[in-house]
Amino acid sequence: MILAKVKGNIVATQKDSHLVGHKLLLVQPVDLKGEFLPSSEIVAIDLTGAGTGETVLITQEGDAVQQILGHNKAPVNTIIVGIVDSVDVVG
Amino acid sequence: MILAKVKGNIVATQKDSHLVGHKLLLVQPVDLKGEFLPSSEIVAIDLTGAGTGETVLITQEGDAVQQILGHNKAPVNTIIVGIVDSVDVVG
Amino acid sequence: MILAKVKGNIVATQKDSHLVGHKLLLVQPVDLKGEFLPSSEIVAIDLTGAGTGETVLITQEGDAVQQILGHNKAPVNTIIVGIVDSVDVVG
Amino acid sequence: MILAKVKGNIVATQKDSHLVGHKLLLVQPVDLKGEFLPSSEIVAIDLTGAGTGETVLITQEGDAVQQILGHNKAPVNTIIVGIVDSVDVVG
Amino acid sequence: MILAKVKGNIVATQKDSHLVGHKLLLVQPVDLKGEFLPSSEIVAIDLTGAGTGETVLITQEGDAVQQILGHNKAPVNTIIVGIVDSVDVVG
């Protein structure tokens, strides 16, 4: 899992049926201070109710995501699985 | 999932039988403005009827793709799962 | 698997139910001398009781992790699977 | 899937039993003009009868490959699934 | 699969039970001449009896590895599957 921040939404009317009904958020990886890393944006399904500006945990595997969504046919490989309250770095 | 733009088609007569009958599109990752990122092109199976120049959502996992195609033996790991209407970035 | 060092903890109250009860550690890949590589931090579930400052082995696949956790629905793809005692480089 | 060009062969007498009987080819990713990208070489199992110098489609997932090979225990994650006849870029 | 050279061993007393009894080798990707690439070291389970200094084939998927090890719960995603005798590059 990596840290990312929600930047906005994606609208895609024409899409695979398994994506219908799920919120697609635009996220970008961030460092520990919440600064955006020089990475491309990623499109993720949100399972946590995350909103724009929030720091989230995203995972990018395929199988797990499909199973959470209640079926095993969703062509989804990025998902928001947690909203980060704090990051505690020791030392 | 990431954003990409369709650039053209791939013709491959001699291919694994599971790829027969599927349209193979050439796509390249893009940023939020639709500009191509300095990434290599990717070959993807299209499930959405996407055409050249359209911005699409692609996913790159293996298992999900195979299941959508109705069997579990397709050696495919990139698929177009949505055509992007708009990207809304907040702030 | 790669070598990483534990840097701290992640607190995420609002998270997918499968993550509840698991310790989320912040780790960063290191070289053989234990120096941090110029990589982003990664958030991992800990199965070994690793503490801050320890060098650990992390794996990043999806299926394996879910099975270890006793179910197959956890959206987790990074896990700490060993605490490194020593690295012996020959020659 | 990505585009790659076949550069040669790999000989490995001592190998996992699941690799026995399969041709191992050395491939390197190429751009649309067939020029090698600044990427490392990859070792792939060939399912298409591809020869040195040919441009091929390779996929790198694990599960699919195993299933094609008729069993589900092959530790193989790169496979040649098509020989590219032409790449048509529009615009 | 990629080419790598064995550099040494990893000792990890405290580890997930599925790793117990398996030799953990430190490997680093190499080019066709056997020179180390500017990549980080990787920790791999050895199935071939490879020794320090040998060039090996490694694979990094999850599922395949678990199945070879005779169970499907090993959190392992890197494995040595062949010892390279020779690399024949044409042209």
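Brief remarks on what is shown
We just call them A, B, C, D and E in the order they show up, numbering each chain from 1.
Just so we're on the same page, a residue touches a chain if its C-beta (ideal position, glycine included) is under 8 Å from a C-beta of that chain, and two chains touch if they have at least 3 such contacts.
Nothing here was measured: the structure is a model prediction, and the numbers come from that model.
Hopping across touching chains, the smallest step count from chain B to chain C is 2.
A separation of 19 Å divides the Cα centre of chain B from that of chain D.
Inter-chain spacing, taken between the CA centroids of chain C and chain D, is 31 Å.
Residue positions 61-63 of chain B are each in touch with at least two other chains. Beginning the circuit at chain D and passing next to chain E, one meets the chains as D, E, C, A, B, using touch as defined.
Put simply, chain E touches chain D in their complex at residues 1-3, 29, 31-32, 37, 47-49, 57, 59-65, 67-68, 79, 81-91. On the side of chain A, the complex with chain B involves touching residues 7-16, 18-19, 24, 26, 40-44, 52-53, 61-63, 66, 72-78.
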